[in-house]
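Sharing a structure, written as structure tokens. Questions coming.
A, B, C, D and E are the chain letters, set down in written order, and residue numbers restart from 1 in every chain.
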Amino acid sequence: MTVALIVLPLAFALAIAVLPLDRRLASAAGLLGTLAEVVLAAVALVRFDVGAGMQFVTDDRWIPDFGLAPVRFHVGMDGLGLFMVALTAVGVAAALGASLLAGRDRPRAHVALLLLLESAMVLLFTAQDLVLFYVGWEVMMVALFVLMGVWGGTGRRAATLRFVIYSLLGSLSMLVAIAYIGVRYHTFEVGQVHSGVVWLFLAFAAAFCIKAPMFPLHGWLPAAYRESSIEVTALLSGVVSKAGAYGLLRFCLPMFPGPAHDWRWLFLGLGLAGLLYGSLVAFRQPDARGVVAYSSFAQMNLIIIGIFALNVNGATGAIFQMVNHGVVSLAAFLLIGVLELRVGTSLFRHLGGLANGRPIASTVFLIAALWALAVPGSSLFVSEIYILIGAFQQNEWLGAAAALGIVLAAMYMLRWYSAIAHENDGDSVPASMPDLHLRELAIALPLIAILFVMTAWPYGVMKRITVTTSAAPRVIFVIGSDSR
Amino acid sequence: MEINVQYFIGVSAILFGIGLFGIFTRRSPLILLLSVEIMLNSCNLALISFARYNGQTAGQTFALVVMAVAASEVVIGLGLVVATARRKADLDVDHLTTLRH
Amino acid sequence: MNVPVNFSAIAPEIVLIVVACVLLAGGVFLPQRLAERLTPILAAGGLLAALVVAAAQYQHAAHWSFDHTLRIDAFGQATRLIVFGSGLLAVCVSWGSSGGIKQRAVEFNALLLTACAGMSLLAVANSFVTLFVALELFSIALYVLVAIDIDSEPSLEGGLKYLIVGSVGAAFILYGAALVYGATGQLEFDRIAAAGGDRHGVLLLAGIAFVIVGLGFKANAAPFHMWTPDAYEGAPTPVTTFMSAATKAVALIVTVRVLSVAFPGQSDVWETGVAAVAVVSFVWGNLAALRQTNVKRMLGYSTVGHTGFLLTAVAANSNLGARALLYYLTVYATMNIGAFAVVAIRERELGRPVEIADFAGWGYRRPLLSISMLLFMLSLAGFPPTGGFIGKLYIFSAAVQNGQTYLAAAGVAATLVGLGYYLKIPFALFDRDAELPAAVPSPGLRLASFATGISAAAVLFLGIVPTPLIDLARTASGSLFG
Amino acid sequence: MPLLIGLPGHLTYDIVFVVATLLAIGSALGVVLARNPFHSSLLLILNLVALATFYLLLQADFLAAAQVIVYAGAVMIMFLFVTAYLGGRGGEPAGDRPWWQFALAAIAAAALVAEVIFAVADQSLTQGPHVADTFGSPNAVGTSFLGRYLLAFEATSILLMVAAVGGVVLGSRRAARRLPGEHSAMEHEVAPHELSVQSRLIGVETGFEVAGTASEGDDG
Amino acid sequence: METLAWICLFAPLAGMAALALLGSRPSREASAWLGTAAAAVAFVAAVGVFVELVGKDPSQRHFAYTAYTWAGSGSFKVGFSIWIDTLSVTEMLIVSGVGSLIVLYSVGYMHGDPKERRFFAYLDLFLFSMLLLVMSSNFVLLLAGWGLVGLSSYLLIGFWHEREAPVDAAKKAFVMNAIGDVGIAIAVFFMVRDLGTTDFGPVFQTAPQHWARGSTDANLVALGLLVGAVAKSAQIPLHTWLPDAMEGPTPVSALIHAATMVTAGVYLVARAHVLFANAPDVLDAVALLGVATLLMAGFIAIVQTDIKRIIAYSTMSQIGYMFTGVGVTAYAAGMYHLLAHAFFKALLFLCAGIVIHALAAEQDVRRMGGLKTVLPRTKVLMWVGVIALIGFFPLSKDEILAAALDDGTTTAWIVWVGGLAGAFLTGVYAVRLMRLTFYGEESEFAREHFHKEGNAEAPWTMFWPCVVLAVGTVLVGFLSLGFGFKNIFADWLSSTVSTIEPTTTDDLITTAISWAFGAAGGVLVWRAYESPERIAATRRRFAAVAPVAENLFYWNWLYERIAYRPAAAVSAFLYRFGERWVAWGSLDVVGGIARAASRAFSEVQTGVVRLYAGLLVVGAAGLAVFFIGKANL
């Protein structure tokens, strides 16, 4: 199952890259591939055995004698991986839809790269071997670099370079740490490493916290989110950033319980700072992308707080928030993309009045905004509450301070929505711009439907995650398994 | 007969240094090549001294090889100088800066 | 005299020399046009034959030959394979060249073959005498090869600089060898180790230092690298291709062999020394490459930076380090040959040296070559799923294992800086805003593309299925480190 | 009365050593300091002879002979030829050489020399073993060369062949374009001369090995 | 009962979903009626629940139903569950009943608005949210409802989003309510941490054991809830959004900003009375905040000129009374005032809506006047509301004050005195409102409009709800008369919350003074407006203090300076400086260093070969020094 999830997009990517398809065929093949992946992910979601731990496992040789330890092709999914994979499948399908809508040039390459990205992400979300994980991690990065560097906006070079350097700073430290683990512990299996070496922990954390990004490692974010084509931005914010949080949960905490516990305040403090900082900065952004970008940044810091609260509520909330925020930021960015296609800009001073006579558009944007600000009752509300509970259980002041993020989120997201939808039509909005078309809706509606389902029944997700803590040491989360 | 080769090595080192000095200070490619010859010969002196010190012929054999190598380098070096001389009016190595930075 | 003479030990070299002699002898009778066509084929045949011979001889059991002046082991034999492979691909790239390579096809190919022979000999040398003569054999061939375009001022200039600095470097090796000889009374590596023990005599250590300087010069290690960018830029591209891959490989292999076979007792000193050189190479090579605009020169500095990685593996002084080195060298050779082959193709389209800007939009004119180039750059930067990644991981592992995590950290910093220039090329290649370059015929396109394709396939293959090469590297380094 | 080398009763030896040392160092300095390349070349010959003297003192008789014949005789002739060919252009180019360059060069070189001398000074190298009279004789060297170092010997021969080919390539006039106003008279002369020098050198070095190649070069 | 309860909760949601999904397919009329029907269904179901509950023994009148586990982690689960007891049923009835009437009213009021369908969807969403709030059986779900009513409020305040003012008002309301949400969230955190649950049953049972009475934790929990209550109910200091919220359509003001949502704070205090009783200091704060708000809002209402804002400040003031009620633990009295207020304040707003509707959206009372002739029936209905407002009948306010008098603590005394003073203010502003709107000379503006339009007072959908509310106002008055009569309402609530039964003497004293004060205020203001000279004289007399009220006690000014501007400045600073120079610029600096180093390193390669050799030697010398240094000498 897991292997099929990895191979399917890869096979489609290769086929599309190699076969001389025209635009329509390439697009159709791409859509088919991503939708098939969604179906596969859905099947996995249904067949997933709640509480049974790691499932759909394939464990095979890859590099049997590496010199330090065998490198294995070991993949599988627990609750965390399952939802990350599902998020990836949905995210890439939606992003591909958006890119087809926008009509990117050189469609074969573009579609193939998106599929390659998908394959790499599924790999990294399911890999149980450090080296294999790193391969997925970096291939994802490569695909992103190309997508960003080729199809991005006018400032794409600087943005991509910045993104690359930041990313590699983290991932190369992680590579050194992986090497060290191989040397010291003679294994690359995630489950077998328990270490108290602080710098290893920090090296891994650096990679993940840059990707998330955690404050103040976000120097790459504004440019990357602004200069990428919108589907890439959506994926960056919706899925790729989650890979960072995923890494913290999958690697940093279980492998380095001691350092994670000792150093938690670094992450909690920076996470809190990032949450408030990102929210405040989002409030002054001049463009729609900027607001969602910094909001995404703030949310990721909240997730980091949840993770380093080091308790079940925080972790459950963080994981659920990863899913939630993934979907909602995909929706928000792809909607911005639709708007940009029509208006040609996302600068607020040229926007406005979307709600005038465009009920569907305004409703869809409104839903995105409300879920993004975690309106009480929504699925994001649930996940945020759990994160905050976790933070509060860790420390009262932390929980209370982080709760302020709720107010700030309301401030910037309402500003976002108002600037887009309210008052008179902006000067760049074409006269009598029609409401959303069916094709545009086809991208947004499935995402919104997912949000609704998760709102109606958050436990449907949360019970599959089933975070428990191991008996000793306490900070290790056992995800997807009831056993302690 | 006992021989203290320390002094020979000392001389060889001084010659090596003089060769280097030449390379640092001269701009005529010919003289650079001559300086290289001094250096290689100083190596030979060291080799032969140590051969004597160790009472082995190996060092001398090595020195013989070095002579051949030095000769070959001279051939190629002179060839390059001549070829350069055909193309450029002046033969100042300091002016061979088409390739730089 | 009862010296065991075993010509099978140098069978590949013999093959190469014989072919070279045949070329020289026959070449004079061939008309120019025929010589241009025929000699590369012959040379390729010779290299292929040598490759086959070397492969056929490949065995794990090590043995001495020529009274310990040679050591035939898997380590050296594997290096031979790299050298011959590089030579073969360089011949492919040279097809279609103009200038000196075309007019002097006979000499070019003969010199290439002898250079390969010298390198091959160097790879198995076990004595300073053999080492020096083999080193000079290929160096002198390379001096000529760099300057073979005698109509071109840069070519000559590069050759002359290479020669002058190279002679100084050779003098250093020689003086170092003399000092070692003085300290131990031996010239054969294993005997040096036996005689030297773990003594830390001044004479011996000074000798080791000088030997490292000389070998570092050949391996483009900073600060002994200064000739590298000039020679790389000045030399005809096929020669650069060959030099960047084979010279470096063999220089580093011999460095490992000398240091770990002859001076195991002094490893505490030279490990640090090599590490220091590695750090300087990291810094200098990568930083200086940042602002280059000429592609060959940039890649030249890049090789200096990569020497840092390779020396990291040397400094590890372990089985793992040797494996890492061998693995990385293979990948390194492949990706460099590929990259320079692409440069050669573009160069022939333009008829002048290639600037980075000349690649602008080229990705849409020659997509496959450009994708290969992207792959090479990614591999140079160490991204999976290319071989460069596994190599980097390997090297980091070796460094960490030997307690030199700081070297790995320096490698990380170097890679980060390296991204700053490696990515310039893909950016240019796939620049959508650039005008589509005119479709210009490129002489020898097919063979050069073939070399590129082989390299690209190898880089990818080594990244995805590294096991065969890893196994080979394991047995090879086992022959050195037991 | 050990004077320098510590050998009782070998005053002559010491005197010869001192003279040779002065000669070697003086001539070497002359090489690197003389403005005229002719003078440099000639001084180098002197230097080589001084070195040959050392070789004699070190009982390397054959090498001393080879040094004088091959080096001083053949290689340096080649130098002189080229110097003559280049004429005034072979000399040191006009222009100031700032004093600090000298100073730095001297310091760098001196540092290295100091290191080596320091290395040697520390060692007790006085107790060299007694060696047989045949030490350093052509026979002994030949045995070593064609025995243990047979391979090096063979490789050297290839090396010389490469040098010859290289000389051909670099010296060839076919591809060369002339600078405007350059006289071409010498060109036709020099290349064969060069080659003849090479073949002569090679002949001396190896006796037989590369004769064919050299003639080949002539043909090319 | 369970089924009915769920129907009550979900009928409005279904209505909203239907309206949203059908889009523009049904006609406007049909949409409006669909929305109304959904509310009506909820009301009917609520009545059903009420009837069933009445049938139970008073001690058995609480039920909890769980549909499914809504959210949960390994250690803390939240059920989607509802809580039916007398308190929640009371609220359900108010919400769905008054709600239905107001939705009905909107059919007429919103007729012809281009976004009519959306309006009804929003109203239904609000009803669902409000019902969720009052029916939920745990604090998380309550918080969800709490936030959702805020959302509905946001949507409805900003309904006319073409103009800037409603949009700003909507955002302000939402953000201030979000602050309240945070307060409740923090209380929830405490519960989860210390009690492991937020379900009402266990929480109220175990809280006093976990948190000692008056301890810091107990106070913080109650304080958190209080922050939520204060924000939602527009009490000092989080009250400034309510007047601005009047930018929304009038039915919205009536429903959300008068009858139901804004009183949710009172409901919360009553609901969580166990927690508040556990924190006496906070309970005092509730009462004192209530007093402060009721006085301040009364003062401000006197100088307002916008008809809706006058009523809005009146609302704020009346909620202040409710707060004082629950603050002195007279929960039943507070809830009773809530009930009565729901009727009469909705009535007042709807009547004001008729006026505004008739005057083509004019809201300034100074441009009205003399409307008694053209809107006679409205005038009568409005008098009913005003009489109730001043506190003549129902005696809900007096009951609170009487209870306070009975209580006798210092806080209660303050409440009593302040409340009576408030009665005077109420009399002033309420009568002023009537005087300016309906009496005096017919204004130019009103004349123009009426002669042009010449329409009837209001369509029946607008008129009859007002009548029903007026009747309801009067009837509600009989639920709790005081003076020793049977207190039906308090008895009904007694199974859920306790109350203070004031003595008849207390009632007598309080009611007498209150009536006197209210009447005095009314008479004074009536007389003051009899001639322009007199009003001018009055103005002069109060010239010193009037600006304070006219400037709304400087709250907006204060928030502008201590909250908004600093936040905007910090935000701008972070964006301009933090982002540009630190997060973004740091890599630029590194890049600049790298470029400079690149320049340095590559320019060393001057192309001069002597230098190359020189550096080689320098490197060799360095390496040799290092090596020799390592030697054994």
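Some notes on this structure:
Going forward, contacts are C-beta pairs under 8 Å (C-beta built on N, C-alpha and C of every residue); 3 or more make two chains touch, one makes a residue touch a chain.
Note that the structure is predicted; figures quoted are calculated from it, not measured.
Traced through touching neighbours, the fewest hops from chain A to chain B number 2.
The chains in contact with chain A and with chain D alike are C, E. More contacting C-beta pairs link the chains of A-E than the other of the two pairs D-E and A-E.
Of all chains, the one whose mean C-alpha position sits at the greatest distance from that of chain E is D. Innermost chain of the displayed assembly, by C-alpha centre distance to the whole-protein C-alpha centre, is A. Centre-to-centre separation between chain B and chain E, using Cα means, comes to 95 Å.
Centre-to-centre separation between chain C and chain D, using Cα means, comes to 30 Å. Look at where the CA atoms of chain C average out and do the same for chain E: the two points lie 77 Å apart.
Centre-to-centre separation between chain A and chain C, using Cα means, comes to 43 Å. Across the assembly, chain B contributes 9, 16, 19-20, 23-27, 32-33, 49, 51, 53-54, 58, 61-62, 65, 69, 72-73, 76, 79-81, 83, 87-88, 93-94, 96, 98-101 as residues in contact with two or more other chains. The residues of chain C that reach two or more other chains are 129, 133, 136, 140, 143-144, 147, 150-151, 160-161, 164, 168, 175, 179, 182, 201-202, 206, 229-230, 292, 420, listed in rising order. Across the assembly, chain A contributes residues 165 that each touch 2 or more other chains.
The chain pairs satisfying the stated touch condition come to A-C, A-E, B-C, B-D, B-E, C-D, C-E, D-E. Residue ranges of chain C in contact with chain B, taken from their complex: 128-129, 132-133, 136, 140, 143-144, 147, 150-151, 153-154, 156-161, 163-164, 167-168, 170-171, 174-175, 177-179, 181-182, 185-187, 229-230, 233-234, 292, 297.
Across the complex, chain E is touched by residues 104-105, 108-109, 111-112, 115, 118-119, 122 of chain D. Across the interface of their complex, chain D is touched by residues 614, 617-618, 620-621, 624-625, 628, 633 of chain E.
Of all residues in chain A, only 162, 165-166, 216, 218-220, 222-223, 277, 280-281, 283-285, 311-313, 315-317, 353, 355-357, 359-360, 363, 370, 375-377, 381-382, 385-386, 388-389, 392-393, 396, 399-400, 403-404, 406-407, 410-411, 414-415, 418, 421-424, 457-459, 462-463, 466-469 touch chain E in the complex they form.
By the touch criterion given at the top, residues 115-116, 118-120, 122-123, 125, 143, 146-152, 155-156, 158-159, 161-163, 165-166, 168-170, 172, 174-177, 212-213, 216, 219-220 of chain D touch chain C in their complex.
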